[in-house]
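Sharing a structure with you now.
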Amino acid sequence: MSDITIGNVERAIKTTADTVLANQQYFSDLDGIAGDGDFGASLASGFRLIDADLPEIDKSSIGNMLLKISMIITKNVGGCSGPIWGTGFMRAAMLTKEKQEIGLADLEQMVGAAIEGIKARGGADLGDKTLLDSLIPIHEKLKEHAEKGSSPAVALRDAAEVAERKMEEAKALQPRRGRQSFVGERATGTPDPGMVAIACILQDWCEQFGVERTPQAKELTQRSV
Amino acid sequence: MSDITIGNVERAIKTTADTVLANQQYFSDLDGIAGDGDFGASLASGFRLIDADLPEIDKSSIGNMLLKISMIITKNVGGCSGPIWGTGFMRAAMLTKEKQEIGLADLEQMVGAAIEGIKARGGADLGDKTLLDSLIPIHEKLKEHAEKGSSPAVALRDAAEVAERKMEEAKALQPRRGRQSFVGERATGTPDPGMVAIACILQDWCEQFGVERTPQAKELTQRSV
Amino acid sequence: MRKFVNNPNDFVPEMMAGVAAANPNLLEHQPEFQLIKRKDRPVAGKVSVVQGSGSGHEPAHAMAVGPGMLDGAVQGAVFAAPPVDACYECIKQLASDAGVLVLINNYQGDRMNWDMAVEMAQAEGVNVKSFIIDDDVAVKDSSYTIGRRGVAGNFFVIKACGAAADLGKSLDEVLEVAKKVNGQVRTMGVALSSCIPPVKGTPIFDIAVDEMEVGVGIHGEPGRRRDKTKPANEILDEMFEAVSGDGPFSKGDRVAVMVNGLGGTPISELYVLYNRAARRCEEAGYTIVRNYVGEYCTSLEMAGASLTLLKLDDELEKMLDAPAEVAARIF
Amino acid sequence: MRKFVNNPNDFVPEMMAGVAAANPNLLEHQPEFQLIKRKDRPVAGKVSVVQGSGSGHEPAHAMAVGPGMLDGAVQGAVFAAPPVDACYECIKQLASDAGVLVLINNYQGDRMNWDMAVEMAQAEGVNVKSFIIDDDVAVKDSSYTIGRRGVAGNFFVIKACGAAADLGKSLDEVLEVAKKVNGQVRTMGVALSSCIPPVKGTPIFDIAVDEMEVGVGIHGEPGRRRDKTKPANEILDEMFEAVSGDGPFSKGDRVAVMVNGLGGTPISELYVLYNRAARRCEEAGYTIVRNYVGEYCTSLEMAGASLTLLKLDDELEKMLDAPAEVAARIF
């Protein structure tokens, strides 16, 4: 019961694709408030193929599946999102090449590895108002739960909680990396699209995996700008 | 009293310049309804110089003065208006090279000569929805009054009357020459800017020369589109 | 006003001064007449080719002055033909012993002013002839025109006459080249937006964001109809059929194709249109020998494009191939 | 949408197909990677110069492929850097024994994708180096960028590197040329309107008709400030002072000047700006050796312009003088 099967991972990926495709316009619109409005389309160009290929792709291990996901993203998604998300999935894949099942401790390490990869790739860090501002505290929360031996469901609920709260808190920040840095007044007060995407995805995972959680932020309840 | 002095002619020209300059934006806006909106600016580019030069220019005869006016227009006004107005003044000048004073009969012949010149220049004729649709009936009215021996004031009042009425009537026409031909629906129902200009000028002459006449058309009373 | 403009009345003179400043060795600008002329023209034995019209169609006309192209050009205010005097000066100053050919786009104002200027110059013994360009198939008579309008096909007439003049052909021979090109070139345009003459300060016509004017003129004159916008390929198809169906084109022909932007349409969109035009030519059995994608004859910042087809033969291919250079260049 | 577009997702592939169709002898288009390459490249002994970035900046980048310029270019979706795989293919397919130089405009997405591709190609033994262009003086860090952005100065780096590669210089020597140009070139832009990415279908930012964004980026990123519009000369003055005051320019210098349109501004307005730029250079004691007025690096149909100054020396003058030709041409 504290284990996450390859089937769970597949379902999480399928849900992620559904979230990205359903919110393509919304994510682009968010990106458009202070930037170039391509975030939704960029992510969707990868997850559309993932959605289509998922039934067929190599599922000999969690790592092999994630590696394939990473490659589809790297091949098809440009902008900042391709390298960031591709690197994240790639690093998580590296730790699970042989695994059919993982525990919370594995998941925590996968997220940690993804974060390191993303930092190295894009040069951003905590406080730069990127999706790292979600991933880093999520990682801490997962670590906490892994140490406590919590259930994946509880960890997921708390991760979604953290994603929503951090998204809210980061609004006040000035972006310092990626597409939205130096937008000055224009970006301060607006959420980071990458952080909104993370929060939406985690909320949709909650729903998919039967984890009860009621989001508060209009970014999650409304999903349109 | 039935004679028109060179001073009267000068005053008429000065008034014409005032009318053109005061209504520059209006004339361009009228032209803009179904065309390129340069009529007001084009005419003004000539009459601004006429207004400035009028005190200085050769007034040894009515013809010499009008010749100078014609040359200023030809030199400075492009588009259709330059050749049309330049030719008109030129032809009128030809008939009055030696004259210090003219009668209605002279005036009638000057307008007739101007009409012939304009027809030859631009190839338009009655019914093409150009300022000829004003000038030709005005010319007829002047002829009538010249034969009757009317006063210039009466002739002027009736000329202004004709200009206003013809302007109204021509709205229903489809333009066939110049800038507004083939505008189809867009131009039908709208007045011809050249005809509006003629009506405005004659109305302002009435006022200037103390001829009582109350215009009805909003093109004359309102002078804005 | 979304424009880089100082005093709107200075717009044309300042632009022309800029063109001359950018080509200090080649060009001279005479502000009294808004005349741009080659400093090294006229030359004995070579016909001078000149043109002039209202401003707002840049790079036509003054920016088309250069080796192998025009020898001089005058521009009036935006959308207003240049005054007679300016046309006359253009002819006089460019007159060589071989003569002057005036290329006139078919608009009432241009014709009148140039006609008077040509008469004046002829009266003084200048060997000058004029030729009327009327390549626009959209409408028969239009605003500004009796008969068809002269639009982007203008470029080909200039290019061929410029080359012919450089070859030392006589005035009558260069005139024949103009006739030939004009007889074999056809254009139609579509506008997606209006444009804003600086002095007017507001758009010259209203058009909704989802509307287009099919067969628009380069002063925003109405064309065949106002319609809802369509996918790029369908718009191109309509232009292609209008142009191809009107001209002397048949299977097996060698052609030049131009997709001309009207000023506000990015070059990326022009290549989307060209992509379809190339396909349509292939299907029609026309071999594209040369293509031209860019801005040649515009209406200020109007969003829109026109399609031009020119039927070629050996003589014209040689003329299009000939070296040429203009004020508005890339390198 | 005031655009010539079919399915918005096909916009970039169709545009690139059009570019290849317009240059059938010179260029090849590979739709899998949105790669445009010279058919006759790579060649032994010559460094290949490549570039790639998001679409929407045409004629940069794919339309700058041609003799004396780029050997190949990849483009991503509008305003999105091309994916790693496309960058990798571009490097691999253009790799000659003399090596490949990748010119990257300084945007986070471009850097990341190219960095990964360069690493991948190097791992396979390809002799490839990259160089970051950052000529925009408007802001230090910006959206998309740590450090300055790469904008229209890009053209000069391409032109000089293309010429250097044609001269048979080594990869390190061509890289030195890139460094030199980048060190001596400065740019700043001003936007008068937004632009509309086809997939988005609406403007990417709001700006009132009487407002301008001073120091705008080529993706519409904010610049130094939002302000009321001003007369053209005053806008040019501000650009001139920003650019001239930042770079290594001093009295007596020989310079190249570029007035670059952002896509929706007619060339007439660009010459009004150039007219002032020429005056300002004269007053500053700079001799303009070459000038460039037109569109080189755009933001779709954005109304706006940028000013670029490049300090010259004998070597660079020779490089700018060298023959070159690109897909987007006039004759």
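General observations
Going by the order they are written in, the chains are A, B, C and D; count residues from 1 in each one.
Just so it is clear, a contact is a pair of C-beta atoms (placed from the backbone, for glycine too) under 8 Å apart; a residue touches a chain by one contact, two chains touch by 3 or more.
Everything numeric in this text was worked out from a predicted model, so none of it was measured.
Contact with both subunit C and subunit D is made by no chain of the assembly.
Most remote chain with respect to subunit A, judged by CA-atom centres, is B.
Rounded to whole angstrom units, the spacing between the C-alpha centres of subunit A and subunit D is 33.
Measuring from the averaged C-alpha position of subunit A to that of subunit B gives a distance of 75 Å.
Centre-to-centre, using mean CA coordinates, subunit A is 55 Å away from subunit C.
Contacts between chains trace an open chain of neighbours here, each touching only the next in line. Applying the touch definition to every pair of chains gives A-D, B-C, C-D. Residues of subunit D touching subunit C in their complex: 1-7, 11, 14-19, 21-22, 55-56, 58-59, 63, 159, 192-193, 209-210, 229, 231-233, 235-236, 263-275, 278-279, 291-295, 298, 300-301, 303, 305, 320, 324, 326, 328-331. Taken together, the subunit D residues at the contact with subunit A in this complex read 54, 76-86, 108-109, 112-113, 116, 139-146, 197, 199-200, 202, 204-205, 219-222. Per the touch definition, subunit B reaches subunit C in the complex via residues 28, 32, 34-38, 41-42, 45, 74-80, 82-84, 86, 121-123, 175-184, 186-187.
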